[in-house]
């Protein structure tokens, strides 16, 4: 157990129809706790009116994305130690680019419905999972392994993306990454969805999505790869027609 | 207060900033970088002080490659910058009709800039002849 | 007042330029967009000014003489710097787009910007000494 | 007569699954929760889709529930499940002594198991403790807790159920004749207070079931028993890894996305709304986890958390049965209109819902059979896509 810290938690508050404002909560924390623990304690002991989303508390569900000191974080795995200091403040705001339900809780319906529309897979064969250090040789039995995809659908990338801030039509990093994982070869119908001004070409290489992604998806790399796939497809079609 | 956002179906392409338009933008980039380097070096490092006076420029334009290069430079820079501008405008989510008008304006702007520049380059080149 | 409840809107275009909370690639994006808009503005001015050339030596040399004060030179240097930054940053975008150096985009950005700084210094020296 | 109306308090596993079941049986269902879906115990579940092997010796009733539901869930909710099986490994003599009981227990519960040699086990899972003495392959699985619940919620929504999240039950409305006829709620997102009325109120608040029952003057004997879990990177194993022995602390390691989760411990608390993650329990997870997978000792910790199991009935901690119970408060405390479902495990959520819906239907004199066994669930994303 480490030395306790006294911090000020600045929480963005907003009930329906209100303008957001900050409420401050002074609290004692263990620096090795997570930001979500601090938020949860505000609700449990200090202010029962606080609304926020959370479920798994270990980075598999993607519910607890928030902006912590202006940077998108999955709060359940963000150590307080890494984002503030003793006697410091911790500013917690809802993700950007999603309608706020209340306080820190946002409605991610737009992300989920787009992921659904492009048919992003929530589970996929382990052999396709792009594991960083894959076993040198997949066991034949591995071919049948199904695993949950890396993308937690947490929306951090969409909150961080500068292009997504002004255009609600932009599909956004998570959706494009899902399309890339599906592959254009296997899903040719995706070509007309991603090869548009609201698709891959709306990305301006800010790489903010990859910088904030808590789960190894690396959306920027996937968007770049999707571009290559599209260019290949388009040139291929050109020659096929000719 | 848990109305779900109405599922907004993925919008159909407006007018396609698609592969081709985008390839034009990205491929003119490196081309520009090369011509811009020449342009800057010539303007600032040629001779003692670079090209500063009217006479310098006229003399420089006497070589027919130069006006040709400047015209290519202009056409490339106009293409790159206007397609870039269109990209920025698209970030602002213009409506389909507005975008159509913007497209026409951009095309007209681009053509007139290139025509004007070509006329200018040829005028300068011929005034030295 | 954020009356559209935190949703994307064209009115938030200023957030493009907000560096708070952004990381390397985001700064690159900001630089790229500012220099793009700056260069576009300069390009239009440049074309108009060069029109003076068609009017013969008097008009143009008069204008050039007008531009030989330090403030104008700083302005000109800013344009050159914008061009260099935008151009070198473009290399990063070009390469990563075609799948080269995607995982090294941060290092790529810092290297290119260091290069840009050197080139800008050389140009700056030249422009002030030529004056 | 219009549809019978039901309010379900709690949008965790039992709440969403009961909503799905009741909606299929023609109920007009409203689910309320003071937070979003799965904000309590359900969301933080370990995520083991039990095959029952863990309970096959001591608690065969639970074990049989598990294997039956395991097979069903794989079929109806494939989008939330990693169906990669599991492995029980023995590491010492005490484990080996448990072997016989395990085999006969699994046979009694019809759990298909397959004993393999340590070499075979290591070929399948190279990162497990190489000193293992024997191993069994079992049909375990792993699920994503939130997505499993959302799948039930989405399917319920499609059949007309409404979800009022961030809506807290403040009190139960009594009709003056000792019967519950609705819930006074407050929408925490708008601070709006209003009444919801229904023919039946289902208390699906798990570890918090006592608090809701108390609003009607009823008592539910539920013993909230938190346990600590710790996630480590990377994904050391592809299968759920169990210690071949009596259920104990830190004897399960689950793969989840790019990590493994070691769980769990067992302690008792009074304050339910915030339970601290005890450092000494985190240490136990590290030690016990490293026994199963030595690599964990130097692995990067990704998250530490806890969830509060709702244990029912007698017994202490590990001794209590892991089965579930549906209380008709008419029978227990003569309070009409209120049913409480609690206990159980995530794996048995559908069965818990079936049982609850059966009780509700019987109470309201509705003859309608459960069909959830055969209805594939919608994609969890449909929960957000479908209108409320």
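All chains are identified by letter, namely A, B, C and D, in their written order; residue positions are counted from 1 within each chain.
The criterion applied here is as follows: a residue touches a chain if its C-beta (ideal position, glycine included) is under 8 Å from a C-beta of that chain, and two chains touch if they have at least 3 such contacts.
Small disclaimer: the values here were computed from a predicted structure and weren't measured.
More C-beta pairs in contact connect the chains of A-C than those of the other pair, out of A-B and A-C. Averaging Cα coordinates per chain and for the whole protein, the chain whose average falls nearest the overall one is A. Our note on geometry: subunit B versus subunit D, Cα centroid distance of 61 Å, whole angstroms.
Subunit B has its Cα centroid 36 Å from the Cα centroid of subunit A.
Put simply, the C-alpha centre of subunit A and that of subunit C have 31 angstrom between them.
Computed centre separation for the pair subunit C/subunit D is 57 angstrom, with centres defined by C-alpha atoms.
In subunit C, 8, 10, 13, 16, 33, 93, 97 are the positions where the chain touches two or more neighbouring chains simultaneously.
Contact of a single residue of subunit B with at least two other chains is seen at positions 1-2, 4-5, 7, 91-93. Each of the following residues of subunit A touches two or more other chains: 16, 99, 101-102, 107, 109, 113, 166-168, 204.
Across the complex, subunit B meets subunit A through its residues 1-2, 4-5, 7-23, 87, 90-93.
Against subunit B, in their complex, subunit A makes its touches with residues 16, 99, 101-102, 107, 109-110, 113-114, 117-118, 163, 166-169, 171, 192-193, 195-198, 201-202, 204, 230-231, 234. By the touch criterion stated above, subunit B contacts subunit C in their complex at residues 26, 29-30, 32-33, 36, 40, 44-45, 48-50, 52-55, 57, 77-78, 81, 84-85, 88, 91-93, 113, 116-117, 120, 123-124, 127. Touching subunit D in their complex are the following residues of subunit A: 1, 15-17, 33-34, 37, 40-41, 43-45, 49, 51-63, 76-77, 101-102, 105, 107-109, 112-113, 115-116, 122-123, 126, 131-133, 135, 139, 141-142, 145-150, 152-153, 215-216. Residues 1-2, 5-13, 15-16, 20-26, 28-29, 32-33, 92-93, 96-99, 102-103, 105-106 of subunit C are the ones touching subunit A in the complex.
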